[in-house]
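Reviewing the structure listed below.
Chains: A, B, C and D, in written order; residue numbering restarts at 1 for each.
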Amino acid sequence: MPDLGARTWVVPGGHIPFPSTGPEPEFTGFDQLCVLNATDTEADLELTVYYEDTDPVGPYRLRVGARRVRHVRVNDLIDPEAVRLDRPYGCVLRSGVPVVVQFLRQDTRLPGVLALATGLAYPA
Amino acid sequence: MPDLGARTWVVPGGHIPFPSTGPEPEFTGFDQLCVLNATDTEADLELTVYYEDTDPVGPYRLRVGARRVRHVRVNDLIDPEAVRLDRPYGCVLRSGVPVVVQFLRQDTRLPGVLALATGLAYPA
Amino acid sequence: MPDLGARTWVVPGGHIPFPSTGPEPEFTGFDQLCVLNATDTEADLELTVYYEDTDPVGPYRLRVGARRVRHVRVNDLIDPEAVRLDRPYGCVLRSGVPVVVQFLRQDTRLPGVLALATGLAYPA
Amino acid sequence: MPDLGARTWVVPGGHIPFPSTGPEPEFTGFDQLCVLNATDTEADLELTVYYEDTDPVGPYRLRVGARRVRHVRVNDLIDPEAVRLDRPYGCVLRSGVPVVVQFLRQDTRLPGVLALATGLAYPA
């Protein structure tokens, strides 16, 4: 299969919803990066997180197997430091092999309410 | 009419919501692939589904008539096997003629609540 | 100002929500095409609507002034015939000058519930 | 780091939700432009706002620091004049250096209801 996608992806509009309501983990609020690696090679990804008022943080390292998808909750990224909750951020994802990246937010700040938003990341 | 679109499309962020609430089928939760074939030739599509922890499954075969649109609920795909509910997946759609593909999710896991999210697939 | 955009745009995932709940017109469910014409020339647009089980219908004619935006509810298109409610469709928009097109859905089928979804159309 | 993005971005589908319900500012309805500047140079942005029935307004000037993200609520733009509430608009964003732009809407017009919609702006 020919390689599908790009090696650099950008998401400008990150903001992990906080607090959450409803049962965890299925209704925990999150920002998610959904990565599809259709190649025959494992993808080593480096994520850099940008903020409004401080220097970028990273790299966060992620691995996506060959011919696998991986959906990563940004809330779960803790090394080199936890991504900050309820705060504007953006991120740049770099991969050694071509991948495709989609952004998804689940917002459950209001009790009994669920809001979703999604879109492709920008292939740079 | 000149051909519109691309022959390969990628959706990284699939996840069929489960369970559903409300009347079926209009409020059943779903992931949907919306395909527009503006050409004068019937489009034979092959869908491959990628998971986090197992090999890709496919091809799922779909047909979209010439000068037709088709909205396929991923939940309804059962051959070669049902796409798994409530589990991260992604997919690659290949078409013999150029088409355009949009992704749509309807989430009704919470009673009396409706969440929608949409975006173009990635033309690879 | 240099021309911005493209002359052909595609939306595969149309489906006007029906019925609606809540005060009209602000909470009426709709699919919307949002067109920005940054050029110095009025844009004459032709919209063709594609269905799952019948031939395409059109052209619907729309005009967007020079240096103007226009947000058109697909529900309001009636000539040559009303776009069908609660039925899958897609559309192709052609413009004499470059424009940019965004798709937006507002769904109020459930009482007291509002769902939104948006994304760029595909520039073909 | 190589420059990421484009110098001109277009959002056709603006419409600031009005009125809002719920605690301010976190549940105030808004349209938001999320800008990521991964370059080593501060980005000076000029925003032009387009309406349906009047000439464009602008430029609105924004600054995004080097290696910073900035999420701007369109509701907060007041110079040269406040962007109008509850009214269709679109906008063109120009930057001296490459940036990436995402659009996000939060709608809280219905009490106890939250709707989100997002998507990339169009890189022109």
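Everything that follows uses one rule, which is that contacts are C-beta pairs under 8 Å (C-beta built on N, C-alpha and C of every residue); 3 or more make two chains touch, one makes a residue touch a chain.
Fair warning: this is a prediction, and the values are worked out from it, not measured in the lab.
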Inset, instruction - Tell me whether chain A and chain B, two copies of the same sequence, contact each other through the same residue numbers or different ones, using over half shared as the line for same. - result: different
Inset, instruction - Superimpose the Cα atoms of chain C on the matching ones in chain D and note the rotation angle, 0 to 180, in steps of 5 degrees. - result: 90
Inset, instruction - Please report how many Å separate the Cα centroid of chain A from that of chain D, as a whole number. - result: 21
Legend entry - Gap in Å, rounded to a whole number, between the CA centres of chain D and chain B: 30
Inset, instruction - Enumerate the residues of chain D that touch no fewer than two other chains. - result: 103, 112-113, 115-120
Legend entry - Parts of chain B lying in touch with chain A, wherever the complex brings them together: 8, 10-15, 50-53, 55-56, 88-90, 92, 103, 105, 107, 109-110, 112-113, 115-122, 124
Inset, instruction - Over in the complex, which chain A residues touch chain B? Could you list them? - result: 4-5, 22, 26-27, 32, 34-36, 38, 67-71, 99-104, 112-120, 123
